[in-house]
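Every chain is named by a letter (A, B, C, D and E) in the order it is written, and numbering of its residues begins at 1.
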Amino acid sequence: TMLPDRALHAAEPVTIFAAASTQQAVDAVIGACPEKAGVTCRGVYAASSTLARQIKNGAPADIFISANLIWMDYLTESGAIVPNSRQVIAHNQLVAIAPRARAPKIDSVATLLDWLAADRVALGDPAHVPAGIYAAEALTSMQAWDRLQGRVLALPNVRAALAVVARGEAFAGIVYATDAQVSDDVIVVYKILDSYHAPIVYPMGQVAGPHTPGTEDVVALFKGLVGQHAFRDAGFQVSK
Amino acid sequence: MSPLEIEALLLSVQVALTAIGVSLPLAIFVAWLLARKTFPGKSVLDGIVHLPLILPPVVVGYVLLVTLGRNGTIGRWLFETFDITLAFTWKGAAVAAAVMAFPLMVRAIRLSLEAVDVGLEDAARTLGASPVRVFATVTLPLASPGVLSGAVLGFARALGEFGATITFVSNIPGETRTLPIALYTLTQIPGGEDGAFRLVLISIGVAFAALLVSEIMARRLKVRLGT
Amino acid sequence: MSPLEIEALLLSVQVALTAIGVSLPLAIFVAWLLARKTFPGKSVLDGIVHLPLILPPVVVGYVLLVTLGRNGTIGRWLFETFDITLAFTWKGAAVAAAVMAFPLMVRAIRLSLEAVDVGLEDAARTLGASPVRVFATVTLPLASPGVLSGAVLGFARALGEFGATITFVSNIPGETRTLPIALYTLTQIPGGEDGAFRLVLISIGVAFAALLVSEIMARRLKVRLGT
Amino acid sequence: MSDVQSSALTDAPPVLDVDIRVQRGDAFTLHAKFTTDGGLTALFGRSGAGKTSIIDCLAGLIKPDHGHIRINGESLFDSSHGIHKAPEKRRVGYVFQDARLFPHLRVRANLIYGMRLLAESQRRHTLDEVADMLGIEKLLDRHPAALSGGETQRVAIGRALLASPNLLLMDEPLASLDNDRKAEIMPFIERLRDQSGVPIVFVSHALEEVVRLADDMVVLADGQTIAVGDVEDIMSRLDLRPHTGRFEAGAVIHVWVAGHDPLHMLTELGFGAGSIWVPKLEFDRGTPLRLRIRARDVSLALQRPTQSATLNTFEGNIVDIEHVAPDVSPHVDVLVNIGAPVIARITRRALEQLGLKSGMKVFVSVKTSAIDRHSLGLGRRRAG
Amino acid sequence: MSDVQSSALTDAPPVLDVDIRVQRGDAFTLHAKFTTDGGLTALFGRSGAGKTSIIDCLAGLIKPDHGHIRINGESLFDSSHGIHKAPEKRRVGYVFQDARLFPHLRVRANLIYGMRLLAESQRRHTLDEVADMLGIEKLLDRHPAALSGGETQRVAIGRALLASPNLLLMDEPLASLDNDRKAEIMPFIERLRDQSGVPIVFVSHALEEVVRLADDMVVLADGQTIAVGDVEDIMSRLDLRPHTGRFEAGAVIHVWVAGHDPLHMLTELGFGAGSIWVPKLEFDRGTPLRLRIRARDVSLALQRPTQSATLNTFEGNIVDIEHVAPDVSPHVDVLVNIGAPVIARITRRALEQLGLKSGMKVFVSVKTSAIDRHSLGLGRRRAG
């Protein structure tokens, strides 16, 4: 969508619309912007779906970092993202977590599934939360989804799932590795292999139309070492 | 309507009615305290009543989870004493809706209670009615437009409650997936707009029906109040 | 408080005050229409007023985004005619807050308007006051407790507004990151809990301050109303 | 005052021309039909007769189902022409039976509420003048809730007066006032009536107020207009006694101020064939007045009383003798013509003892002290 | 009725013992101090004197700052003992000046509101009886908003009566009623007073109501208790004239029913040294009554009037002559002892013409027709 007035706001910072789960890493990159890219940056964090809709409706974003492919595809198809600017800048991993006080010992998929079946399992809502979608996919691959579906607590976002486990409302949960880091009350009891689900990727793209000067430099910053370090520090895996 | 839509609709109505039905007496009591009594801590009570309005619903939901969840102090007590589980059940959804609707109900009822002529209450007392009876036979009937108004407001709010509900009781189909939660879910996936739009229409339909009923009741009340 | 907290606090207060300040006259007008007039489509108006209450805030925010965004019909017209941009600005946050608070304000004000003795309005008319003047000098002052109550309720709701706001105007630091949105942001980063807790306390503080002010105003009103 | 028919004979339309029907609830139908030529018109009737309903129609607060209301020929309401003027366009001052002070305004603001809406030139009274007359100067800064019942009513009267209305409606304005206060306020109403030219419609249960203040009288019963006419006519109509009240029967005669006796503080009032002494009045010689003489205050004797403290003794002839209510009352009313008609109420025993018959000569005594300020009304303009 | 001091001399405590101080707002201080021995006590005073405030204190709606209120020795309020009984525990029936009907209840439900709270055995009246007496049978299914002013007041009276109170408080209950209606209700109040033994405190502006109904009278001015006592005493105290009203001066004498003349529908009332004829009364021989004779209804002459229609003529001696208000009135009041004290109001001119002096013999005439039902009260128990 054309935004004729965008160029008028030359002094404005480069604005990065990023999935809330990437906030820590994106903040780190933004901190480096003035020095490394010669511009100021600001981060706007919300659910990928919210941000995508806003961009489609003319939000003043220069860069979009999504927590999944679907919303990036949605924007690309509607012409709001410069197609060749897209690049995956980080990966994530699913982990099974338990309250620190009740952490079991799990060494195989079989023990994992038995444990999951014993109580409620907190997930992001498989209907729409990416982490939940991946988790459901993984459990399906493990041929346990039908069995576990009834025990699933589908929560509005991963952080909510984390909180439910941290509070002991559920004794098991499946979240991103990055999220598991956040809370001291939970402990990772099992890392789910990538092979059980589609890769968990964080694509970045440049918003189409007139944009804030310096946007390209910031895009480069994310793609470069600064970005890689920031995401790795936040617990993501960084590909190259 | 699809079976899923009907399920969500019925659940929503059940949750909202339960929420209002259970919390209305308490709302009336608190409104009366605030309208007619002075006591230490009154403004603290007033503040607490308003909290669900001021805090983001997700925070309220989180607080509910912490206190009423199965590991929460109250939640555990409820479970051990009455075998009641609130977290992740429709009853919990009703609690969340009730909490969010509570300040609205209290405000409306309080306003009406404050408008009741104290002279009429005095008259009732000289006729031998105890304060409780005065309240039941004079104050409350005269404030009934406000009670109705508060109940309608609360019902609407309960119907629309989303943030606290999803945080406290999750999004369990048939148990806690109310209309707004179903609606929200649909907005989170690309192409969900059509389904979402249908749910919006259903929500609006429920709301209009509720308002219509309340207006009819209000008109009856007016006749009964002789105004 | 940290500069960021202060920023969010001031922004929230600014947004909430603007929201209430701008929408209150309209709320009074709509409440008056509903309380005193009969016209075709009255129940439709009543329904529309209540919609923001029934729909999940995210849906309301989305509707605002689509209509008032830069590409929305009304949004574009506003921009081209008055050079006003609502989407992704604090003004838009105020609009979102106002829309969400609107039904609460209308209900409270309507309730008070309905309680005003028509006999007093009659008396004012026999003294030569036009209906507008009667409204301004008799009806409205007598309904002022309800207006105040509605404004307080609306202000609290506006302060706590999250879903519609983040959907409509996003989460732009210094522009649209109000207290609830800052709170949300903090819950998304590791170790944000302490900060989030501080923000909850700040929110509660603002709310108590607002309630205190409103109670003082209510007491003054009571004295002025001679009751 | 006249019937609609007779008023059609004169050129000018009646000052007030009312002919309305209203249905209130299921049970009550009001049919009011009267005209007045200005001055003060009293609506008189039992509780529930429809007095307040009429006043509400005049003020525009109730819309009649049928008929018309005209002031000086101008329609305020006319069902056949679809006219129904808004209350605020009628410039009526209404003193409500239930006061209806604005609770949120202090007494001062209540009083000037209507006045402030008028141009300076249209204001006929000042706040100070009215507050002083009503004895409410000290209350100006109070809220209505802090007033006693009578204080409330006085403020309500002041508020209506200060709006300088073209028609003043008063619904039992004096009922909650004590006698002294009434005595202070009545002259003010009289002055309004006589000097302002503003027609006044007045509801009262108290016949002495009606006689003193009213020129015309509309008698209502069960929503029907039973009688309309000069107060004098109505009061001397024996068929209306059940409505106007039995005990307070009397006659009203036209008199004028014939002279003063300043030493004894007496005033001489002339009438057809003599004069009557009453407590001193502050009126100029020649001023026409109406004097109500209650039947119970009149004594009869066959011989002229001598060495009596009664100053007013007249010779006259018995015109008519009427049993008041043969089954329940020991009294008869004797109508005596002493140049003007007066009614004497005596017992049947006395009637028999004295052998009174129509046409007989009798001596009529009226005590000066039985005539009080309440019995006197200023004669109306057209009577002067 | 007596002062607090003198009541201490008797064994039984007074029926009602009130001694209270209240501050209302900045400007008004009320100090009420009176005792009564039951019966009907009238509070009399100008608008704003504090009558409603006293009643509110008795009902428990206002808490006095100091003092006590006792009924038959039992404290309803006592500041020195920290007693303040709740209104609903006092069993007072309160007829409010502003009616205060419950707007959401129909007339019937309003009426039985208090009655329903009583055990069957405690109910002294039935709904039908009271509705009939007040003429409100047809209104039972109405809402208060659809009542006229007088109808509202009648329902309010009924509601208080049906609560079968132990103390009845009536704040100008008759002010908005027409004379016929008053005449119907007053006998009921009299019966209540005489037969139920319920003490009644009654506010009225109308002296004829007070005289007819009240045993005792409390005169208030500006919040101060000016005088307390028997109605007879108060009414004949010349120093209270400014408060009790100048025109309505008169004397109240104790009489008893001495006989009847059914043919002429007259009743003979005996007193100290003679008898007086009045319209027929439905009382048995010997019934004690109080008779108020207005000064303005009494004539004086030096010779016995002959061939006069006045039945009641007495010989007496002038006890005292008092100028009513030398500067403004032509009248003097002459106190004559005819075996009982009566006051005659005559002009100064007549006084001079007849050369009246203290001690002179005079003939006093009282017209039978000047004595109406309003002038008569049943004598109180202790007087009987």
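Here are a few things to note about the model shown:
Here is the rule we go by: a contact is a pair of C-beta atoms (placed from the backbone, for glycine too) under 8 Å apart; a residue touches a chain by one contact, two chains touch by 3 or more.
What you see is a predicted model, and the numbers here were worked out from it, not measured in a lab.
Among the remaining chains, those touching chain C as well as chain E are B, D. Put simply, the C-alpha centre of chain A and that of chain B have 35 angstrom between them.
Each chain gets a centre from the mean of its Cα atoms; for chain B and chain E, those two points are 57 Å apart. Taking each chain's centre as the mean of its C-alpha atoms, chain A lies 90 Å from chain E. The set of chain D residues touching two or more other chains comprises 98, 146. Not a single residue position of chain A touches two or more of the other chains.
Shared interface positions of chain C, i.e. residues touching 2 or more other chains, are given as 58, 62, 184, 187.
Going by the touch rule set out above, the chain pairs that meet are A-B, A-C, B-C, B-E, C-D, D-E. By the touch rule above, chain C contacts chain B in their complex via residues 43, 46-47, 50-59, 62, 103-104, 107-108, 110-112, 114-115, 145-146, 149, 152-153, 156-157, 159-160, 162-163, 180, 183-184, 187, 200, 203-204, 206-208, 211-212, 215.
Interface of chain D with chain E (complex): residues 24-25, 27, 45-48, 51-52, 97-98, 138, 142, 146-151, 154, 171-172, 175-181, 205, 207, 245, 247-248, 261, 264-266, 277, 279-280, 295-297, 299-303, 305-311, 328-331, 344-354, 356, 365, 367-370, 372, 374. Taken together, the chain B residues at the contact with chain A in this complex read 58, 62, 65-66, 69-72, 87-88, 166-167, 170-172, 184-185, 187-190, 192.
For chain D in complex with chain C, the touching residues are 59-61, 86-88, 90-94, 96, 98, 100, 102-104, 106, 113-114, 117-118, 143-146, 159-160, 163.
For chain A in complex with chain B, the touching residues are 47, 49, 52, 70-71, 73-74, 120, 125, 127-129, 153-156, 160, 163-164, 167-169.
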